[in-house]
Amino acid sequence: MRRSAEPFWWLLFAAGGTVAALLVPVSIALTGLAAPLGWGGTTLQHARLAALVSHPIARLYLFVLIALPWFHAAHRIRFTLAEGLQLHQAGRLLAAICYGTASVGAALALLAVVRL
Amino acid sequence: MKALVRPMPLLWWLRSRAYVLFMVRELTSVLIAAYLVVFLIFLQRIAAGPSSYESFLRWLAQPAVLAFHLVALAAALYHSVTWLQLTPMTIVMRIRGRRVPAATIVAANFAVWGALSVLIVWLVVGT
Amino acid sequence: MTMPEPTVSLEIFRYQPDGGGPSTFQRYQVPYHEDWVVLDAINYIKDQLDGTLAYRWSCRMGVCGSCGMMINGVPKLSCATFLKEYYPHPIRVEPLANFPIERDLVIVLDDFMKKLSQVQPWIVRAAEPPLSAGEYRQTPEQLDQYKQFSMCLNCMLCYAACPMYGLKPLFLGPAAIALAHRYNLDSRDEGRATRQDVLDDEHGVWDCTLVGECTTVCPADVDPAAAIQQIKLSTALDWLKRTLRPGGTT
């Protein structure tokens, strides 16, 4: 029975929202504040970080950390634009642009973690 | 007989505190997405080598960039707090026929969040 | 010499469909009593000051859902809103938001009634058991599964509070979805599959972005926002199961 395609996007939104809620704050604290301000001492220097992120589990973690919240944001931005600017007529186009951008982003994230 | 239809104003979301907070909550995703772009670049700079990484750290240390990260952190925290408080309404838990109170699930969510954050810091900085 | 009776000012939305003019606000001075609710003040206006005022009310005790109005911009039951909450400031009374206005404080309910019937808010069975089989039996635990969602008064405060319903009039809406959930969770019901057609639709649960105001304004603690999110999750998990099942999707 063909119903709505929404469940798929909603699952991505929910997964992304959970990943963002649990892992993004500490990530910002580490890379946006601790690293440039030297709070980590020697631990946030290049050699150690390069070794850390090249681990396969780290790569998987980093991909999930980046890609899923991007789908979460795409979903929220899609609905917020439709509601905030009352663009409901352009609904399908809006969805395509939002999820399309997130997909491109996920592909870029995949390329990046593969090269770590 | 003509019924009167009142259209929604464009700035409907400014009409009440609850609506404004809703918009703020939704817009946190934009800041989180923006941070993850910077984060992706951060990773790419690590892969590009020590001098590339060092120069990126200098860029990150600029006041404007630090300010962005502070705002992004505030947004991410607001997302986390609202998200973790809303999950109990989606998942109804029953233990031995009794409904687990929402407050318990929220507390567990926050505990997991705290534990994971500590774990990440320890893995990155501590070991 | 006695003190003058305290009064409170009500600014009430007026609209006559055949009058030709635009809507206006009319101000009335009403005696202030500590134990009066807004409905008492409106009834006073109707009885003593202006018999032309049109509005709905019935039980005056918060169980019938008839007297929903916007009071200072917030959807409330006028029989459950005390004057003393606002006194001595003027109180603005308007018809429920997001509905067309028939006259004064009376809204056109047709859209809600239509959506309510779309979710089939009754026990749906594949086959009705004969009377000789006796009554349905239900344990307290089974009742507890859906009881909260059964408390809905159909007062439509949630529709007035929901900006999505205001922006997207095709949205099924909080109360209708909560009532669908009430029956889906009822152990006697077998109608979940048929209700899914209207729930798993872009204008079913998926138009909801969890603003949450429906739950905030509900006078009966139904928590329609929870009902909607629970249906989103169960629908999404069903979708996942169908997609992952060998043999593909049906």
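A, B and C label the chains in the order they appear, each numbered from 1.
Going forward, a residue touches a chain if its C-beta (ideal position, glycine included) is under 8 Å from a C-beta of that chain, and two chains touch if they have at least 3 such contacts.
None of these values were measured; they are calculated from a predicted model.
Of all chain pairs, the one linked by the most C-beta contacts is A-B. A centroid comparison over C-alpha atoms places A as the chain most distant from chain C.
For the pair chain A and chain B, the distance between mean C-alpha positions equals 11 Å. Measuring from the averaged C-alpha position of chain B to that of chain C gives a distance of 32 Å. One inter-chain figure worth recording: chain A and chain C are separated by 37 Å, centre to centre, where each centre is the mean of the chain's CA atoms.
Looking at chain A, one finds that residues 79, 83, 86 touch two or more other chains.
Multi-chain contact residues of chain C, defined as those touching 2 or more other chains: 163, 167, 209, 232-233. Counting partners per residue, chain B has 8, 13, 26 as the residues that reach two or more other chains. Here chain A touches chain B in the complex through residues 17-18, 20-37, 40, 43-44, 46-47, 49-50, 52-53, 62, 65-66, 69-70, 72-73, 76-77, 79-80, 83-86, 108-109, 112-113, 115-116, going by the rule given at the top.
Note for the complex: chain C touches chain B at residues 15, 17-18, 23, 73-74, 97-98, 100-102, 108, 141, 144, 163, 166-167, 209-213, 216, 223, 225-226, 229-230, 232-233. Every residue of chain B that touches chain C in the complex is listed here, in rising order: 1-6, 8, 12-13, 15-16, 18-19, 22, 26, 86, 89-92, 97, 99. For chain B in complex with chain A, the touching residues are 8, 10, 13, 23, 26-27, 29-30, 32-33, 35-36, 38-40, 42-44, 46-47, 49-50, 53-54, 57-58, 60-61, 65-66, 68-70, 72-73, 76-77, 79-80, 83-84, 87, 112-113, 116-117, 120-121, 123-126.
Across the interface of their complex, chain A is touched by residues 163-164, 167-168, 196-197, 200-202, 204, 206, 209, 232-233, 235-236, 238-240, 250 of chain C.
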